[in-house]
Amino acid sequence: MKKRIISVLLAGVMVCSMAGCSGSSGSGSDSGESSDSSESSGKVKITFMSRDSGDTPIAKVYEDQIARFMEENPDIEVQNDSIYEEAAYNNKLKVAISTGETPNIFYYPAIAGLKEWAESGVLLDLTDALEADPEWRDSFLDGALDTYRLDDYGVEGIYALPNELNVDAIFYNKALFEQAGITETPETMDELYDAIDKLNAAGITPFGVGGKDTWVMGHIFNNILAKRIGGDGIRALGTGEKSWTDSDVLECLQITKDLKDEKNAFMEGFEGIDVNTQMSQFLSGEVAMISHSSPIIPEMFASDSQILDDISFFPFPYFTDKEEYKDTRVVYTSGWMLSGTMSEEEEEATLKLVKYMTTPEAIQERMDAAMRVAPYKNITAPEDAPQIFKDMVAYTDTITDSIGEYFDYDTCSTLVDVSRNGILNMMLGTSAEDTAAAIQADIDANRPQ
Amino acid sequence: MEKIRRNKKYICIFLFPALAVYLCFEVIPVIMSIYFSFHEWPGIQSVPLEFVGLDNFVNLFQNPVFLKSLQNVLIYAAISVVLQVPIGFALGFLVHKFMHFKRFFKASFFIPMILSVSAVSLLWNFIYFPTDKGILNTILIHLGLENMTQQWLVNPDTALIALIAVSTWTSVGYYMIICLAGLTAVPESIIEAGEIDGATGLKKIGYLYIPMLWDSVKMSVIMVITGVLKIFDTVYILTPSGGTDNSTIVPALLMYNEAYRYGHYGTGSAIATVIFVLSAVVSVASLKLMNRRESVEY
Amino acid sequence: MNRAKKRYSIGHIIGFIVFLAIAVINVYPLVFSIFCSLKGNLEIFESFVSLPKEFRYENYITAWNVGNIGRYFLNTIILAAGTIILTGVFGAMASYILSKFHFKIKSGIYLLFISGMMIPIQAVLIPLSYVFGKFGMMNNYGMLILLYSAFCFPMTVLILTGFMNSIPTELEEAMIIDGAGIHQVFFRMIMPLSMPGIISASIFNFIQVWNNLLFPLIFITDKEKGTISMGLLSFFGEYSTDYSASMAGICLTTIPVIIAYVLFQDRIENGLMSGAVKG
């Protein structure tokens, strides 16, 4: 007995002493090739942190490109810290920024919300880097670089590179449409309502909505907003020139609410269904439509769905009384932010990597291998791509008037949750007026002056 | 004898390792976090802290969502104590009695504790699925209780209870283990003496075991309270937005949002401080309550 | 006597039924996870209770490769073992003092320990990462074990002081009168007698380390040093979750632990308790 206890104690002491002396040199016994050695060997170390991780095609493309980059640049070491899971990503990123260890390249879903980071030097102003390399600058789609120009919010400069275009659309199941006797895809909202009625009459659930993930209803509302108050209206809402209690915004909330109450467009209990269930309902032919954006296409084709040939998409319909916003399209741009606290050496290496990952070939590779649309010129869908993806690329090319998410244009950081939760509560019974008032009250309380 | 029990050298040597590690890695960060709660800070290294006194706390207690979260978590804790500790201990006695299946039974309780949260959340999503397809709703329909089917996590009347059920399921195993450990320390002689005096069944448990296990009961209650007041995972996974009309919002979820999503680090730290203080107050109060019972018992 | 026996057996039957029902409720999630791990992703959502149509073993291969399961499993076990040993020994030492000794600030120190249970982990991430970053302690398992231990001490001390309170003081005193020092009393008598408590605490500590995502997430950047909880994140993509592979990963990691628990639990407990009697 005594021996056993002594051995336990010894093990404990060993653990402590290991902890005590190994210090920053890293405990070599745990892993053969520790990356800690890089600093001493004079390598520049940069971190890349996106939300594309794991087994997805796009994550593999990034992983490959980074590996090739390191091979070609032996003096640079890139660490890929990408994590998809949202809470994990937020925790890691925010801890890094708060301790001054901002990743060299990272992703964050905001535009106006970047203001504070831009002001306090967390983010690099990319204007000079872009001006210094006109060829690179001109490879972006016209106007794309203005997405992250924060001049309107009082900080001069471009604070992120637009990296991906997520084009919103309604995806539908052709076979189910035929079954319900719908011959033409809806172009106007009235035609959409008509299609919903026909689907209901045929006993088919019109829309699959994973309401539990509040962004799904939020996106539907955002499309309605875009089609009724247009891009300028949404921007005005963000800067405070317009209020959520204005009659036209209120109307949009009411239309969203009526999709459930009047048109019966969603299945019962959708408020408790998550987005994965929504997808599987659509892919197994249980529901006729889902509202989603372009990156869902490769995910559909990665699944073992039997109905892939029946899937197509149409743009979100417009309102006949608001014909002026017929061509306003919802496109979510996601960007890459660069750290503003890098040494010159790091900055050089980081820009080198970013440019490496955004050459026409690299962008084409993303499109070929992962079916992702990026905001760059002269990119074409590969020959062997599914028709729906070719259609999506073609459709993307026609877009001239695009707008992102309403809260992207607002500096109020709580708006995203308050509005999306508000919209879901509205679907469950709260009136549109009360919802609008609650959202506006939150903005008044939390939007930085 | 008493002299040895006051020997400073032993006290220091024995306490030092645990206390040192604990102070460095937990107490100091907590003190820093409390310090943050009196400041406003957007979570950016280059931005200095701005002292705002009690503003963060004043704002919190004027925020109806925060007050709702306190109400939720107190209800959560109260129901959890009433459910988890008695069930856990009842199971402990059951295992103690049924020696034959002890291993299997104990192992079965280990499963909910060790299973990754993503598996647990997927499962409970299916159990609480809002339509007739949901496992719970299917069972109700088969039992002829169609009118009792619910959108469990959506309906504000059932959402909190549904979450408490999940927590109870994952954690009764802890209290069963504590009960079993406590039972091993109960001297057989006392129980035998009690049996000779005619104590059987429930009486035996009530008059013989419970007083002997009172320390274990107390520590279980503290574990439930401290565990529930800071609860995050279960709530975040099953109702990420805090439920319809904030029916399942809890302080830790608000803290995560404020500190890691909205860039209000001071507010987030203030919420953490409130959780800490509340937890301490409730724990001490319940200990007082249980100590009173103790004096009645003995 | 006969009647009493009969009543006893009815009680037995009721107990058995309750026992069976609860066991089913507890084991079902594991069965559910195994089913899901053998299904296709769409199939999982088709019916929540059905058997897999065909057994897709390839999910396990995907899980093993994508989640880097083998390596992460080993890493997690190392971390957990270190934490359990450290908290077990040091926690028992501290608890012994807090339970059996008398000094002025005893209840203060006890409360200080217990209050650690009231801290939400997210509240201390930023202060902690300051410290870790400053002193170059990232990717250092020794430091990580100390960190885990710090967060395991509160519950360990709570359980062990409670447990040691119930050990009669007469036993100790007899040993001391026989001329044994306090360290001998502690290692020869208190530790063995508290083993059931130490084992319970160790089970809880193991689960804490096993399920903890935030510490490795923030303090480990070297992919080779990741833990299971990090590995299981790799199945979540931005637009879809690979539930089949994720469930396969969960089964691959959980089932060995459950088996180990079943095999070792009684053995450890019985072995140590008989040791205690002898010791």
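Letters A, B and C mark the chains in the order given here, with residues in each chain numbered from 1 onward.
Methods note: a residue touches a chain if its C-beta (ideal position, glycine included) is under 8 Å from a C-beta of that chain, and two chains touch if they have at least 3 such contacts.
In UniProt terms the chains read A = Extracellular solute-binding protein; B = Sugar ABC transporter permease; C = Carbohydrate ABC transporter permease.
Quantities reported herein were computed from a predicted structural model and do not represent experimental measurements.
Visitor: Please find the two chains that have the most C-beta pairs touching each other.
Guide: B-C
Visitor: Which chain has its C-alpha centroid farthest away from the centroid of chain B?
Guide: For chain B, the chain whose C-alpha mean is farthest off is A.
Visitor: Calculate how many whole Å lie between the centre of chain B and the centre of chain C, each centre taken as the average of the chain's C-alpha atoms.
Guide: 16
Visitor: Taking the mean of the C-alpha atoms as each chain's centre, how many Å separate chain A from chain B?
Guide: Taking the average C-alpha coordinate of chain A and of chain B, the gap between them is 35 Å.
Visitor: If I count partner chains per residue in chain C, which residues reach a count of at least 2?
Guide: In chain C, the residues touching two or more other chains are 86, 90, 122, 126, 130, 146, 243.
Visitor: Where in chain A do residues touch two or more other chains at once?
Guide: Where chain A meets two or more other chains at a single residue, that happens at 16, 91, 94, 98-99, 277.
Visitor: In chain B, which residues are in touch with two or more of the other chains?
Guide: Chain B, residues with two or more chain partners: 17, 43, 129, 256, 259-260, 265.
Visitor: If you look only at chain C, which of its residues touch chain A in the complex?
Guide: The touching residues are 40-42, 44-46, 62, 66, 75, 78, 82, 85-86, 88-90, 122, 125-126, 129-130, 133, 135-137, 139-143, 145-146, 187-188, 191-192, 213-214, 217-218, 221-222, 224-225, 233-243, 245, 275-276, 278-279.
Visitor: Across the complex, what residues on chain C touch chain B?
Guide: 11, 15-16, 18-19, 22-23, 25-27, 29-30, 32-33, 36, 47-49, 86, 90-91, 93-94, 96-98, 100-103, 109, 112-120, 122-124, 126-128, 130-131, 146-147, 149-151, 153-155, 157-159, 162-163, 165-167, 173, 176, 182, 186, 196-197, 199-200, 203-204, 207, 210-211, 228-229, 232, 243, 246-247, 250, 253-254, 257-258, 261-262, 265-266, 273
Visitor: Once bound in the complex, which stretches of chain A touch chain B?
Guide: Going by the criterion above, the answer is residues 16, 87, 90-91, 94, 97-100, 116-117, 120-122, 212-214, 267-274, 277, 341, 413-414, 417, 420-421, 424-425, 428, 430, 446.
Visitor: Tell me, which parts of chain B touch chain A in their complex?
Guide: Interface residues on the chain B side: 17, 42-47, 125, 128-131, 151-154, 236, 239-242, 244-245, 256-257, 259-265.
Visitor: Taking the touch rule as given, give the residues of chain A at its contact with chain C in the complex, in rising order.
Guide: 1-2, 4-6, 8-9, 11-12, 15-16, 18-20, 22-24, 26-27, 30-31, 33-36, 47, 51-56, 59, 79, 81, 83-85, 88, 91-92, 94-96, 98-99, 101, 276-277, 279-281, 283-284, 295-296, 299, 302-305
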